[in-house]
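Next come two complexes, and both contain chain A; in the first it sits with chain B, in the second with chain C.
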Partner chain A sequence: MRLTLAWREALWAFVFLAIPLAFFLYFRILPAFQALWLSLYEWHADPSQRRFVGLEHYARLLEDPVLRRALFNTLLYTLLGIPSQIALGLVIALLLQRVPFGRDFFRAIYFAPYVTPAVAVAWVWSWMLSPHFGLVNELLALLGIPPQPFLQSPSQALPTVTWVVVWQNLGFQVVLFLAGLESIPRQYYEAARIDGAEGWRLFRHITWPLLNPVLVFSVVIGTIGYLQLFTQVVNLNFTDQGGPLNSTLTLALYIYQLAFLRFQLGYAATVTVLLFALILLITLVQLKLLTRRVEL
Partner chain B sequence: MAQGVTITYWQYEFRSKVEAINELIRRFEAQNPGIKVVHQTFPYDAFQQKVAAAIPAGQGPDVVNLYYGWAPTWVKAGYLVPLPDDWMRRLDQDFVAMAQAAKVGGKLYGVPTAVRSLALFYNKDLFRQAGIAGPPKTWEEFIAVGQKLTVKQGGRFTQIGYGIAPDGQDHHLVREVLVRQFGGKPYSDDGKRVLYQGEAGLKALSFYTDWVRKHEIGIPGFFPGNNGYRDGFIAGRIAMIIDGSFAIGTIQQGARFNWGVAELPLERPGGRKANFGSFWMHGLTPLATGPKREAALRFLAFITSEETQRYWLEKVGELPASKNLIRDPKLSLHPIYGPFVLSLAYAKATPFVDEAAQRKVMVDAINRVLLQGMDPAQSLRLAAEEEQKILDQFWR
Partner chain C sequence: MKAKNRLTGFLVLLLLLLGGSVMVLPFLWMVLTSFKPFPELFELRFLPREPTLENYRVVLGETGFMRWFGNSLLVASLTTLSVLFFDSLAGYTLARLRFPGKNLVFILILSTLMVPTEMLVIPWYVMSAEKGWINTYWGLLFPGFITAFGVFLMRQFFETLPQDLFDAGRMDGLSEFGVFWRIGLPLVRPALAALGIFTFLGNWNAFLWPLIVVQTPEMRTLPVGIALFSGEAGTAWNLIMAASSLAVLPVLLVFFFFQRQIIEGVVLTGVKG
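This part shows the complex of A and B:
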């Protein structure tokens, strides 16, 4: 049988795609299903001694106060972090776009935190936020505000961690928005100006709708990142991870603690199933609600 | 000995320990030509994670180094196998009392090379400047010294008397030291019941949290970061800390002032002594089967021998686990090791079954009082309930 050129090209493409696909299936998809299976067993190093417990771990999910706290915190991180990150990222990108020179320099400065190791970031911020020696409290004192405990306070720790994460992600967000802004054709603005539109109206009717794809991408990817928040939380309070008093605990950190500090891998797998379902659900809802077809 | 057996030893990365084990392996292999020992190390944070994944995959260690408090969870999940009966006799006869904590459900799962206890580190220069003659012998003196050495300007401290660290060693201090000094017991003798919710426990938690709330001799998180209390001491901004013998090396390297070590203060002169002892031990995993098991046991005997313990003290600076060796007056009169060694005679290791969770229970009990202003009695009741659940879950 002779294949047409198009068929042959397609076949080759599939051959090349098969390798990453196999990799993806084996290292990503398969373990996800294994976790589902694992969640039905009590963990034991010897597979033959793993006891089937059915839905026992799922029942435990319902009455685990620490899990509830981790879930609540995780959602709160997302709700605080995503809007802050998007709003600040957009404002900075719009400002940078107006900078006539040295744009790359500023871009590099904003991007630097994103490529700084989380451990270093956590270390520097925990000093800056120290109630006794920190720069932030020094500045607050100038404004007549008494020293704040920040990371050491059960009520302030979560917003403080969120701030550090936002600060770290901001550079990436700015670069995304800058790319999005550059891709909007100049002619639209020129045409609108001829029609007498200025300032806010240009933003509202041209920039904002045309940034939608970047916005959707940012929200979806950012949300997944916040739902999996781990590294910064661990490093900002290393000897009481997720503390004080579980106030910064996330689902990902709780999973880690259950699995690798307490060797309860069966129950940990159950929490991963919950996290997986949560991410899937939120992502689908976001894609449905946020995606707009734009016609000018 | 069978020909060509290779066994694997795992520990976390700590330079002096890694170097010591390398040297010990060299000596062991010279004495046992048929056996080869592969030494693998991992960063501390990743250590349990590696063990958790590697052993089920059949790729892990035959002999593994672990914190004694992890043993019950590891045993329950099938990561350790019991040592032969003659090892039990050896442990009972030759090792300090706290090493009994290596037993889980009446079986022995590991043996230590070295052990640790707590003591008071104090900054001699700050003491001298304030005209304080020596380390405090009672908690009353301790508070008085602490107040003298605390400097507060406006709302912020620039120097503190005591490095409060609930998530450092202080949760041990409350649970094992203060509760016992005040005449109580943190747990029942079989370790299955929480007892610290009683009068002595309440007195211990109230007394400890008053150091911050009433006497203001310190503040948690004075220096940020892991082990900030130790960093603050090394920086000369904290006059006293309670820390383990494992901290000696770091403090020796870092501190640029005269410092000393003293046994923990007592409730009153001649009062009851108590200390928290702990250790890392070497255990046998289910991967050590057949000829590997024999080789692994031989290696285990070698790295826990008195000779090794002597070498370990010299090289790593950790106290020997043998009763015999700690009786050596050269050690008990040593200005730095001495107070720790003297404490070993009465130090007790908490019978953890789920160390990570139980540690958190006590850290949270303290933090609820310090950070949220909860009544100590209520906080302690919550802690006891929570911890009893963990114990029941394990022993059911």
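This part shows the complex of A and C:
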């Protein structure tokens, strides 16, 4: 009787999992291996014309100056974007905690860009940042600052794209930090105050260490997002995607261009393997960091 | 002491207003530009001198905008329904039922979280080309039907529930599916709401895969439609801003209605997931 009950439960489990499991095997795991397999072939629409090239594409990775640029840009986006959105997010969350009224209102204002379509947001900013008649340059002129080329300048374009992404991500960061701040028990601050701690020392020795889990989570989620940057880059400079002079090109955009504009699916798959390796590395670092986090 | 508190409160408010205006200004500028006739784009005025609805008439009347909106609504809704059902069913099974190979299945599903979409779109494209899924609704839909993130999230929530509830359900003669449907699901409603919001938004805003799989104007989703329309519009920023407003304002409207639930949902998925 016990045995049959156990079997019945196992049977139902497999019935419930059949469709999800088939889905993950067929649309996630199989394609991941297919990408690896594709990276070893010279792609051709006619299967009989596909040529096995072994590790040739991987050798090409090392010599491809455009790939080097895309990789460098992608890392630069991450290094500029993550600290900016974390610093701004933390400051705004701390301000929201202290605001005398209108807290929900402000929280909603800061969060709104996060839910709006990135494509539309990118086009709005592209108009705002237009070198001619763009609102940002008009506002700068009021302050006596000469007009800036922004997205049209190879040196300014990448930081400008980063700003748009930070602007859109900021609300998410604020909400995470607010939740983190609220979970810190009041008594910790009271006890520290009795010991004579004030202001900065309270932040340094209580708030900051106890926010560590939120911080690690933000860095990891943020990094994975920046490594896959695509939509904003495409739409902010639609007529010269990744430009000017490849200065905003990311790995994801390069993959798209290789695969779907030049139909080099084999080499494009090789670049996706590189991207996968980067994300895997980040995930492993996360696991290592999370195991020694401060427990609440 | 009281005066000092009031001063800090005032400063905090001032800083938040300053930052808040940076968040609001692009939306405001978008809407204002959308009411301007073309020549006014090159005048230094904040408000439109002769406000017009012509831009909206062009976007709604001369492009496939309504169709794109409908396509996005359809894709995002179907995907969300499917994700809610299958992710919670799989999460429930992994959390509450005992069966051989459970850990293996869980690790298998979890491991797919590390594979970036960019790596999958190329094989999905090859698969779609072979099977005739290019430029079809099925082609737009199939990658999103079930998500590993959602399975993981729902499993976390089902694990926190007491076993007695489920045993009681079985005593009352509910089927295994009945136990999940009648007892499990109602208890994880906040998680379902959060997952639903996240999934809907993600699909509503999705760009990469729709851009690849769609080939004709009538199959475009809203983001793809807006991008390609804006690309063709060139410097007609008034038209582009009208199209952007039509894409952004419904989302903002829904957001301001349900802002508490949406923000709490983000925290829930963020912290748990």
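In this section, the second predicted complex is superposed on the first by the 254 of 296 C-alpha atoms of A that agree within 3 Å, B and C clash if a C-alpha of one lies under 4 Å from a C-alpha of the other, contacts with A are read in each partner's own complex, and residues count from 1 in each chain.
Keep in mind that, in the parts below, a contact is a pair of C-beta atoms (placed from the backbone, for glycine too) under 8 Å apart; a residue touches a chain by one contact, two chains touch by 3 or more.
Note that the structure is predicted; figures quoted are calculated from it, not measured.
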Chain B versus chain C on the shared chain A, clash or fit?
-> clash
If touched residues of chain A are counted for chain B and for chain C, the larger one = C
Scan A:L261 for contacts with chain B and chain C and give back first, second, both or neither.
-> first
Is A:W123 touching the first partner chain B, the second partner chain C, both, or neither of them?
-> both
Which partner does A:W12 contact after superposing on A: first (chain B), second (chain C), both, neither?
-> second
Check the residue A:S153 against both partner chains and state whether it touches chain B (first), chain C (second), both, or neither.
-> first
Which partner does A:F24 reach: the first (chain B), the second (chain C), both, or neither?
-> second
Check the residue A:P131 against both partner chains and state whether it touches chain B (first), chain C (second), both, or neither.
-> first
For A:I145, is the partner it touches chain B (first), chain C (second), both, or none of the two (neither)?
-> neither
Counting only touches as set out at the top, which of chain B and chain C does A:H44 meet: first, second, both, neither?
-> first
Please work out whether A:F238 is in contact with chain B alone, chain C alone, both, or neither, and reply first, second, both or neither.
-> both
Stretch of chain B hitting chain C after superposition, from 40-48, 202-210, 292-300 or 310-318, is 40-48
Looking at chain A, which of its residues have contacts with both chain B and chain C?
-> 45, 123, 127, 130, 132-133, 238-239, 256, 259-260, 265
In the complex, the residues of chain A that touch chain B are 43-47, 49, 123, 126-127, 129-133, 137, 141, 146-147, 149, 151-154, 238-240, 243-246, 256-257, 259-263, 265
In the complex, go through chain B and note every residue touching chain A.
-> 48-49, 52, 55-56, 73-74, 76-79, 154-158, 165-168, 219-227, 286, 354, 356-357, 360, 363-364, 367-368, 371-372
Taking the complex as given, what residues does chain A use to touch chain C?
-> 6, 8-10, 12-14, 16-17, 19-21, 23-25, 27-32, 34-35, 38, 45, 92, 95-96, 98-100, 102, 104, 106-113, 115-121, 123-125, 127-128, 130, 132-133, 135, 138, 167, 170-172, 175-176, 179, 217, 221, 224, 227-228, 230-231, 234-235, 238-239, 251-252, 255-256, 259-260, 265, 268-269, 272-273, 275-276, 279-280, 283
Within their complex, state which residues of chain C touch chain A.
-> 8-9, 12-13, 15-16, 19-20, 22-27, 29-30, 33, 41-42, 44, 86-87, 89-90, 92-94, 97-100, 102, 105, 108-109, 111-112, 114-127, 129, 142-143, 145-146, 148, 151, 176-177, 180, 201, 204-205, 207-208, 211-212, 222-224, 226-227, 230-231, 237, 240-241, 243-244, 247-248, 251-252, 255-256, 259-260, 262-263, 266-267, 270-271
